[in-house]
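Shared between the two complexes below is chain A, which has chain B as its partner in the first and chain C in the second.
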Partner chain A sequence: MLLLHFEIGEGKYALPAERVLKVLPYIRLKKIPRAPEFVAGFMNYRGRLIPVVDLCSLILERPCNPFLSTRIILIDYPLKEGESAPLGLIAECVTEAIHGNTADFVFSGIKHRDTPFLGGVALNEEGMVQFVETNLLLPGHVRDMLFNHDGIEA
Partner chain B sequence: MDQIRIEDCWNHAGVWGNQAEKCPRLKDVIHCRNCEIYSRAGRRLLDRPSPAEYMEEWTRILASGIEDKGDNICSAFVFRIGEEWLALGVDLIREVAEMDVIHSLPHHDNYFVKGVVNIRGKLETCISLGDVLGIKKGKQKDKRAGFMSPERLVVIERDGICLVFPVSEIMGIIRYQPHALEDVPVTVAKSKAAYTRNMINMDGKEIGLLDEERLFDFIIRSAL
Partner chain C sequence: MRANFFKNLTVKGRLAGFVGFLLSLLVASGIGGLSGMRSANHALSTVYRHQVIPLKNLKEIEDLFNRQIIATVQRTLSGQLSWDVARRTVEQAREDIPEKWKKVYVMDVDSSGNTFEARRKKDLAETAPLIKAIEDISQKVIAALQQKDTKRLSVLMTNDLLPLTEPLGERINTLLNDSLASAKTEYERVQRNYNISKFAFIGTLLIALAVSLIASFMLIKGIDDSLTLIRKAMGRMKEGDLTQRIEYDRNDEFGELIEGFNCMADYLSTLISQVQKSGIQLASSITEFAATTKEQATMTNEQAAAANQIAASTNEIAATASSLKDTMNEVLKVARGTAKAAASGREGLSSIDDAMGRMEEATGTIVAKLGILSEKASKIAGVVQTINKVADQTNLLSLNAAIEAEKAGDYGSGFAVVATEIRRLADQTAVATYDIEQMVQDVQSAVSSGVMGMDKFAEQVHSSVINIRQIGAQLSSMINEIQALIPQIEAVNEGMESQSLGAKQISEAISHLNEGAQKAAAAINQTNSVIFELNKSSLILQDEVSRFKVDKD
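Our next item is the complex of A and B:
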């Protein structure tokens, strides 16, 4: 399986490449007032508004460094009933794709209530890489805020 | 601005260094550019603040729509047989192989079936598209020393039926607008005209876009 490798602070992470639509440079976003800190804002992608989440804020509670290697990973985020919508993820050091098997990622023994999306850990010569379960990335209320527009007049 | 410290071992123990003792990794990777340390150092160069205009420029680029290249652009695989440039839909092409020996089949006297060829260990039917279309090959082979012959075998597949035919040369894949297609001139030789759907004019070259359905039907009906 091909994985997109990235870093959050010192930690190395990976998410399945099949979920990735595009990797984009880190661009200026429109802040969403009163949204949680890790919701970085909206980006205008080819005339379409796409919500963007800062993974550093989500995991480390500090925004990503504005480096050249910091990029927006556009993923296909699954919603209910087989629907999906594009979601941007800001991560650091998005410079590499790696090969790995699902079996390589073993359960770390730690499950944190606030980070259910952090999956198994794979050990390789460079250190440890943790799997990111993109489906579990957003807490329910944030997912509803960003994607559930049922009954709301535009 | 933070300075990134990079250990440039390639300038000392690597291929660009003049240190007597060479890096032991070179035995496996042969050149520093194949080495993980070298590529990791390269990627680390991106771990620095982006220039001020970079973010603004990309914000602008991504906000603008994608340049409209026109609707339903088609692509075609272009090759040459003898003097004629011809094209087939790319979805038909399975692969292009090096020219190989064509083993003739005994008791097969069809005028365009040339025999069988070995494609990745499998024997496939080899036909002469030139003979089907009535194109004279022109036997003069370009055999200058040091030049590889541009002849290739093209493997096509449709509805699970695989056919191979030799071509004199391959141009590659071209993209064209459907409205850029021209009608086949009435002066074109009969057998060729029957299997040519349209003409594409590309840099002054007239390319005959073949009608794959009729072509396949004819070949299957009369040979397989």
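Our next item is the complex of A and C:
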């Protein structure tokens, strides 16, 4: 399968390309007041407002550097009952898409309560790459805040 | 009331009262004694005149009758005596007897009429006819004698004369006994009076003695009490206690004395307290004076030291002035040399100025060329950035293409290879542009630092030129100044000489001043010792005065 590689700080990560809708350049975002620090804001994608999460903030608790290679990965984020919605992820050095095997990623033995989305680690020529489980990215209350439009309408 | 009376009585009054009382007692006892003596004397004279003299006359009457009449008659009868002589003798006796009787009768004159006197009166009255009979018979005897009638004479003798002898003797004896009894009564009366007088006198004496003892005791006690009061107060005052006042409630001479004493104590107390205050003031004044004098001494010493220092400094100044004079001579020489050197230096400086001007121009050219270089480098950087962006876009496109191809599955596998190839090319381009970018940045930084360095250099050159010009101007003004300085230095030289002379004079003046200061110091030391003595005297005075205790107000 194809894996989209990116970096958060010094660390290398990967997520499956099948979940990726589009890789976009880093553009200006609309900030969401009173949202958690790692929610970078809304982006306008072809007339739709899509929430964007800063992975650097989520993992390292600091915003991503505004490099040229810092890009927004637009993924298809699964919601309840088979529904899904697009979600933007800001990451650094989003330049490579490499074929790999899921079996290469082995469980690291560390499971942190705040980062349930960090999966197994694979070793290749360039070093260690950690798998990111996009389904588990957001904590429940943030997911509800960003996607539960029923509550707002009620 | 009575106590007040006694209290208000003066000592003189008391003494006068006492002496007056004694004198009155004396006078009373004298009068009593005198009257007693008078009554005794009266009694004695009464006895004498009324008892003793009549008794004598009675005895003489008896004698006259017995001896001159009876004896004469007997002797005539016996013929022993002549008729004439006998007659004369009897006539004499007849004349004498009434005379004597009269004197006997005197005893009746002062009679006081008591029973005894009445009895005596009766006796006298009984005796009077007997005396009369004697006179009558004497007359008859005389007649018989004249007639020388013996017979009749002897009849008379036997019948009349001899019978009369016995009654006469009896009468006289009775009268004698009366008189003795009277005298005894008188004696007893006098004795009684004497006893009464004696008791009265002794009683008076005893009363006087007792009164004088008590009065003396009281007087002496009063005086002694007052004197003790005064003596005690005086004693305490002698020990220096001036707070002492005597309380005295009598209005006598001691009261005045004590009032005077209290007044004196008041005055003394006031005086002593004033003296004490004055002593304290004196002491503090002396202390201040001493402090002032010490300060003065210190100041004088400091002055002397300062004068010494000044003298030393002046000497140094004199020495320095003379050495300065020498130095100034040197300076004069050097100034002349400097003027010459400066003139040649000014020429050298003008050639440096030219060189610097040319250097400035060259620097300007270099800076301009460097500016052009920098501009070109910036353009290259812009191009490199554009290439970089293109490479980035290419990478993005190929990435998305690869993802799309993956999603397309086997249909997209060929496209995926192309996309990967494109991405590789883009990456290489990016790496290459990155290198170029680095190089251009190096060039740009080198150029900018070169420009900066050249700017700095140009600035330095420029300021150097300005400096050199200024130095040139300064040199020429310096030369002028040095040339103008030379006569001034000569003037300074002369000034130095006069200064040296002046410093010597000052030195002499200061040594005089120093002597004066030393004399002043000596005088102050003397004053100090005088103050010390004064202080000692003041302390002694205070000590003396402090012996006196006065009321503090």
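Just so we're on the same page, the second predicted complex is superposed on the first by the 152 of 154 C-alpha atoms of A that agree within 3 Å, B and C clash if a C-alpha of one lies under 4 Å from a C-alpha of the other, contacts with A are read in each partner's own complex, and residues count from 1 in each chain.
Rule of thumb we're sticking to: contacts are C-beta pairs under 8 Å (C-beta built on N, C-alpha and C of every residue); 3 or more make two chains touch, one makes a residue touch a chain.
Since the structure is predicted, the reported quantities are computational estimates derived from the model, not experimental observations.
A.B. asks: Which of the two partners, first being chain B and second being chain C, lies in contact with A:Glu18: first, second, both, or neither?
C.D. replies: second
A.B. asks: Which of the two partners, first being chain B and second being chain C, lies in contact with A:Arg46: first, second, both, or neither?
C.D. replies: In the superposition, A:Arg46 touches chain B alone.
A.B. asks: With the two structures laid over each other on chain A, which partner does A:Leu4 touch: chain B (first), chain C (second), both, or neither?
C.D. replies: Only chain C is touched by A:Leu4; chain B is not.
A.B. asks: Examine A:Ala97 and indicate which partner it touches, taking first as chain B and second as chain C; both and neither are also allowed.
C.D. replies: After superposing on A, A:Ala97 lies in contact with chain C but is clear of chain B.
A.B. asks: Answer with first, second, both or neither: which of chain B and chain C does A:Asn124 touch in the superposed model?
C.D. replies: It touches nothing on chain B or chain C.
A.B. asks: Tell me the contact category for A:Tyr26 with respect to chain B and chain C: first, second, both or neither.
C.D. replies: first
A.B. asks: Report for A:Ser69: first if it touches chain B alone, second if chain C alone, otherwise both or neither.
C.D. replies: Both partners, chain B and chain C.
A.B. asks: Pick out the shared contact residues on chain A: the ones touching chain B in one complex and chain C in the other.
C.D. replies: Of chain A, residues 24-25, 68-69, 95-96 contact chain B in one complex and chain C in the other.
A.B. asks: Can you tell me which positions in chain B touch chain A when the two form their complex?
C.D. replies: Result: residues 43, 46-50, 54-56, 58-59, 62-66 of chain B touch chain A.
A.B. asks: For the complex, which residues does chain A have touching chain B?
C.D. replies: Those residues of chain A that touch chain B are 24-28, 43-47, 65-70, 92-93, 95-96.
A.B. asks: Taking the touch rule as given, give the residues of chain A at its contact with chain C in the complex, in rising order.
C.D. replies: Counting only chain A, the residues touching chain C are 1-2, 4, 17-18, 20, 22-25, 68-69, 71, 94-97.
A.B. asks: If we count contacts the way the header does, which residues on chain C are in touch with chain A in the complex?
C.D. replies: My answer: residues 388-389, 392, 395-396, 399-400, 402-403, 406-407, 416, 423, 427.
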